[in-house]
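I've put the structures underneath this note.
Two complexes are shown next, each including chain A; its partner changes from chain B in the first to chain C in the second.
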Partner chain A sequence: MSPLFIDILLFTLLAMTALAIVRLRNLFAVTMLASIFSLLAAGLFVNLDAVDVAFTEAAVGGGISTVLMLCALTLTKRDEKRTGHTAWLALLLCAVTGAGLVYGTLDMPAFGSPDAPIHTHVAPDYIARAKAETGVPNIVTAVLASYRGYDTLGETTVIFAAGIAVLLLLGFKRSDKREGGEE
Partner chain B sequence: MSHHLVLRVVANLLLPFILVFALYVQWHGDNGPGGGFQAGVVFAAGMILYALVYGVDALKKVIPAKTSIILMSLGVLIYAGTGLSSLFLGHDFLDYSGLAANSTQGQERGILIVELGVGIAVAGAMIAIFTAFAGRTPEIEDKEW
Partner chain C sequence: MVTMDSVLSLISGHYNYWMGIVLMMLGLYVAISRGNLIKKVVGLNLFQTSVFMLYISMGKVTGGTAPILTGKPDTIYSNPLPHVLILTAIVVGISTTALALALIVRIREAYGTIEEDEIAAIERQFEFPKDRVA
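Moving on to the complex of A and B:
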């Protein structure tokens, strides 16, 4: 099977999963479909040769966030509440924004084109320098940890902040009491 | 879920491989796909699997809530500390060239340390978030699903 065919297949499945997520009212099914959505997206990234991104998507989107959603689901109701009205304005807004985005992509260079600005700006520089300067064969790692070290420090801090925020909101309530009792 | 024999056996079989795979992704991230972030998430996923099968209290015996907070702070500190130490060695912030005898080895070492920091921070944060969520969740009866 050609990569293009796999791309089209995966994108079709992605769109179907997204539609099913919108249509379904049972939140448990929605959570499972969201996990499948991430898995399909990860497959798509592998097909686009972005293994590092695919790895992250599969682990975070397909794994951890599904478990967290299920945890959150036990604290709330299992079914989405029905709203009386149909959100025509929101649908119109989505359609207009979507059409605008599609219009924007018409100007973009052809998919995989070697002349695209993204391939002519800093990328060749990194490819030429990374191995000699850092001794690390995986250029993605070299860029993330060294050339773009500031960004990754920022990302790590964001994850730290997210952890702190969740702990401030939820705390370790039950366990703390129990642990306190044992001591 | 302690009475689900099949789940327990499968989880027991998978767990060591998941944890070793996390370490592989951590230390092999500079050669293949992966790195600190993915390693941290895979490690946390292993711990969450353990908690799903044996209960959150069992997980808390392995990694108490406090330890996960310390881990996620430690990870960020390792990262920022590496940046600061390169500052003290006479280079720019997060320029690892001075961490070893020559600049290439310094970069390699710096990347390894920084990725370890990311891994520890991510694993700690994920485990902490899961523990916080799961601690809130009442025990679920099988029939409810």
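Moving on to the complex of A and C:
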């Protein structure tokens, strides 16, 4: 099977999954479909040579995110309220935004073309120098952990801040209630 | 004059971008049209993952391989820089998802519902919603 065929197949499956997410009202099913969506996205990333992104997406998008969603569902409720009507204004807004974005892509270099501006500036430099300067054969790792180490430190700070915020929102409140004997 | 060939090459050269945009708009539609807060978060995640697809598509080089050095001199590598960018974005994305879900759980505790319109109604009806709903 050629990479192009796999690409088209995966995008078709992704679109079907997304449409099912739009239509379904059962939040448990929606969560499972979101997990499938992430897994298909991971497959697409492998096909597009982004192996590091693929396993992060599979672990984080397909795994952790699904677990968090299921936790939230057990603490809230399983079904979405039926509204009965289509939100035409929202649909129109999405159509206009989408059309604007598609218009924006018309000037972009064709998919996979090696002489696109993105491939001709700093990227060849990183590929040529990464091994000698950092000793890591995986260029993504070299950039992430070495060249942009401070950026990754900042990213860790974001996760830490989010973790603290989640604890503040949920953790301490619960133990207070238990001590008070309420609920 | 637009020929059949130029249209075909435009479609095959931009298919990935366009499908990414279609998926993005489906996510945006879920996020803005649905009243259920958890469904909104799912929509936001959909939107986010589709943006990743758009970026990763830009980094692909035809005939290229994953940017892990093979040691052979004539190997073509796909661009590693979008990959690095998106790795950071995935991790920041899960942080915002976790925070949003925690907020939703707290909203459910305070209001007894996670439907946007019901929350707005409670807000309108009572000055101190926490006291009345509990």
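The working rule: the second predicted complex is superposed on the first by the 169 of 183 C-alpha atoms of A that agree within 3 Å, B and C clash if a C-alpha of one lies under 4 Å from a C-alpha of the other, contacts with A are read in each partner's own complex, and residues count from 1 in each chain.
Rule of thumb we're sticking to: a residue touches a chain if its C-beta (ideal position, glycine included) is under 8 Å from a C-beta of that chain, and two chains touch if they have at least 3 such contacts.
Everything quoted here is computed from the prediction, not taken from an experiment.
By the touch criterion defined above, A:Pro137 lies against chain B and chain C together after alignment on the C-alpha atoms of chain A.
In the superposed model, A:Met16 lies in contact with neither chain B nor chain C.
Once the two structures are overlaid, the count of chain A residues touched is higher for C than for its counterpart among chain B and chain C. With both structures placed on the common chain, the touch criterion links A:Leu92 to neither chain B nor chain C. Contacts of A:Ala128 after superposition on the shared chain: neither chain B nor chain C is touched. Using the contact criterion defined above for the overlaid structures, shared-chain residue A:Phe55 touches chain B, although it does not reach chain C. After overlaying the two complexes on the shared chain, residue contacts for A:Tyr150 are found with chain B alone; chain C is out of touch. By the touch criterion defined above, A:Lys77 lies against chain C but remains apart from chain B after alignment on the C-alpha atoms of chain A. In the superposition on the C-alpha atoms of chain A, the part of chain A touched by chain B in one complex and by chain C in the other spans residues 51-52, 56, 60, 64, 68, 71-72, 75, 137-138, 140, 144, 152, 155, 159, 162-163, 166, 170, 173.
Chain contact summary for the complex, chain A toward chain B: residues 28, 51-52, 55-56, 59-60, 63-64, 67-68, 71-72, 74-75, 132-138, 140-142, 144-146, 149-150, 152-153, 155-157, 159-160, 162-163, 166-167, 170-176, 178-179. Per the touch definition, chain A reaches chain C in the complex via residues 4, 7-8, 11, 14-15, 18-19, 21-22, 27, 30-31, 34, 37-38, 41, 44-45, 48-53, 56-57, 60-61, 64-65, 68-69, 71-73, 75-77, 80-81, 83, 86-87, 90-91, 93-95, 97-98, 101-102, 105-106, 108-114, 116, 118-119, 122-123, 126-127, 130-131, 137-140, 143-144, 148, 151-152, 155, 158-159, 161-163, 165-166, 169-170, 173.
Contact residues on chain C toward chain A in their complex (touch as defined above): 9-10, 12-19, 21-30, 32-36, 38-39, 41-43, 45-46, 49, 52-53, 56-62, 64-69, 76-84, 86-88, 90-99, 101-106, 108-109, 114-115, 118. Residue ranges on chain B touching chain A, taken from their complex, read 25, 29-38, 41-42, 44-45, 48, 52, 56-57, 60, 64-65, 69, 72-73, 75-76, 79-80, 83, 93-94, 96, 103-105, 107-108, 110-111, 114-115, 117-118, 121-122, 124-126, 128-138, 140, 145.
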